[in-house]
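The two complexes that follow have subunit A in common; it is paired with subunit B in the first and with subunit C in the second.
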Partner chain A sequence: MLNVDNIWVVYVAGVEIWITETILNTWIIMLFLIGLAVIARIKFKSFQEIPRGFQNAIEVVVEIFDNFAVSTIGPTLSYLAPWFFAVFALILFSALSSIFGLRAPTADWATTFALALATFGLMVAMGLKYRRGAYLKTYIDPHWIFFPMNLIGELAKPVALSFRLYGNMLSGTIILTLYYALTPRFVQIGIPAFLHAFFDVLFGALQTYIFVIISLMFIRLAADDNW
Partner chain B sequence: MQNLIFLAQAVPDGRVFGLDSQTLIQIGIQLLNAILLAAALGYLLYNPVKEFMQKRTDRIQKQMDDAEAAKARAEELIAEYKQKLSEIDREREEIFEAARLRAAEERKAIIAEAKQEALEQKQRVSESIAAQKERLKEEARLYIIEAASLMAEKYIAQTIDDQIQDKLFAEALAQLEEAQWLH
Partner chain C sequence: MENLGIVIGLVHIAAAIALLNGVFTTFGQARVASQAIESMARQPEAADSIRSAMFIGLAFAETSGIYGLLIAIIMLFANPLVNTLINLIS
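After this line comes the complex of A and B, so read on.
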């Protein structure tokens, strides 16, 4: 439970690739989310002017997230909202997947660093797109002698972002693994529900929010010099 | 194809954390997974729903704007009609005022005319009275003359002969004619 198990080892053009539990669980979560999206898309054709039931739920989710993302990142960068919607859904459902006995993909550093790397890539890209030279100048600000420190500071952002989420999710996994391993059977009924609710649902939602809002702020900070 | 992709028989043990080429590959795979998920959710769910809601918002906004414009037009019309009503009131007041002034002038003219007419009437009556008075005086004088003549004739007839009578008559007649002439 604590280790990230390898399910398959695939050789692609001579390169060894480990298909881990994390990757498999990510695919399961992706299938679930894409399945939901397909259902929503099918029902979308019969969407009414006044929303009800399933349509209402879909609209609430999209609207709340869009308002949150746009208010944080600003209207200019609002086209990035779908990416962060997917990131939000992936991290949240990764945490929730623990309830169903799956090892959370976000309890693997490869997942969290991949997402943090995307944030870093977007941060640099948006900085260069909207501020060009002014963004590059931040690396030698206030003097070129500070370049190494500024560079380390920038590179530390995705590392810190990924380890924050990874550490929090792994800690929940460790605690629950220890609980299941060290407690007698009779206390493994009922009580774990509260632990899962706390570590998976509450911590999961909180860490999802923190990861996404910090990512949005990093990108906004890079792209908007008035912010 | 079989040489390109194939499954290995032996699977290495799992681990909690590692920093090697496999970690890099898994980061790449997870990044690709996230991109695929974002593309799928964006295409299937996020963008269509957002577009649908945006169109609905625009439609409702347009309806609200139209209603606002209609309200503004109605208020404009109300203001216009109020303006017209106030103008009509003002015109009515002006007409009333003009009519009052004209009536007052006409009253004055009528009174003045009546006064003039009364004055003329009075003048005419006065003149008529004066003429009547004169006529009565003349008649009275003639009557007195006639009576005096008769009396004188009777007296003379009793006292004087025909010769004196003729002489006196001729004198009296001459006097009368003279007096009449002087009048």
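After this line comes the complex of A and C, so read on.
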């Protein structure tokens, strides 16, 4: 489980495309999340004024995340909250998927860098949309001589963001793989549950929260004048 | 073959040195947590905002530790030098 396995190779117009374990596991998680979303959409028609049961659970989750996101990113950018809800759900469920023996997709740098790149794109786009010249001026902030340093500092943001999540998830994966490989069979019942609880559930939830809140902070830092 | 042994041995020492920055990371994180707890005890009504600020600070302090961990992992499991040496020998 240390390296990402290649499951099969697809040829599209003469170009090799590798379907790796990460992509397959992402598809499984996507299928689960899309199924959940479709069920929620179907049930949405029978939603009532006073929530009960399933509706209650969905409203609680959405409301808590919405309050958290809006309080972090500010009311003008609150329309970005759904995207970050999707990111939150994907990262959380991919961390939880390693309980079921799948290799967590976030333990592959490709996944986390894609998510961090989306944050970077949103950051630049929102900065240009809301502050225009003032945002570009932050790149040459005290003087234009500082442009290379500011550029490196800006480009380090998605790299650091993706490495943080990737390193945490990968370390959990490596420790659990070593535990399963090196211990005799009779201690592999029951005890790994604590390791999974610590590395997957606790660290996964914490790193998901940190990834989302730091992404929101970066975007607000770029888009908000007086922050 | 001897060269390969020396390279692998040095790689393990280098990985251990790369992981040593965890010492400083831990001290920094301990400082963040202790200050946060102190201010929480002084101002219990602000505990929620202090807690979220503490997690952000912990995450930023963790970055250098994660870099060290990744460098150690790359040196141990995906070291290009070892593969080059194996190709040279065979």
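Everything below uses one rule, namely that the second predicted complex is superposed on the first by the 227 of 227 C-alpha atoms of A that agree within 3 Å, B and C clash if a C-alpha of one lies under 4 Å from a C-alpha of the other, contacts with A are read in each partner's own complex, and residues count from 1 in each chain.
What we mean here is this: a residue touches a chain if its C-beta (ideal position, glycine included) is under 8 Å from a C-beta of that chain, and two chains touch if they have at least 3 such contacts.
Note that the coordinates shown come from a computational prediction; the quantities given were computed from them, not determined experimentally.
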| item | value |
| --- | --- |
| Combined model on subunit A where subunit B meets subunit C, clash or fit | fit |
| Where the C-alpha centre of subunit A sits as vertex, the angle toward subunit B and subunit C in the overlay (nearest 10 degrees) | 120 |
| Contacts of A:3 with subunit B and subunit C, given as first, second, both or neither | both |
| Which superposed partner A:105 touches (first subunit B, second subunit C, both, neither) | first |
| Partner chain(s) touched by A:16 [first = subunit B, second = subunit C, both, neither] | first |
| First (subunit B), second (subunit C), both or neither touched by A:149 | neither |
| Which superposed partner A:33 touches (first subunit B, second subunit C, both, neither) | first |
| First, second, both or neither for A:62, with subunit B first and subunit C second | first |
| Between subunit B and subunit C, more extensive residue contact with subunit A | B |
| Gap in Å between nearest CA atoms once subunit C and subunit B share a frame through chain A | 7 |
| Footprint overlap on subunit A, comparing subunit B with subunit C | 2-3, 170 |
| Touching residues on subunit A, where the partner in the complex is subunit C | 2-3, 160, 163-164, 166-168, 170-171, 174, 206, 209-210, 213-214, 217 |
| Complex contact set, residues of subunit B against subunit A | 4-8, 10-17, 22-23, 25-31, 33-38, 40-42, 44-50, 52-53, 56 |
| Subunit A contact footprint on subunit C (complex, rising order) | 52, 55-56, 59, 62-63, 66-67, 69-70, 73, 77 |
| Footprint of subunit B on subunit A - complex, ascending | 2-13, 15-18, 20-23, 26-27, 30, 33-34, 36-38, 40-41, 44, 47, 49, 58-59, 62-63, 66, 81-83, 85-87, 89-90, 105, 108-111, 113-115, 117-118, 170 |
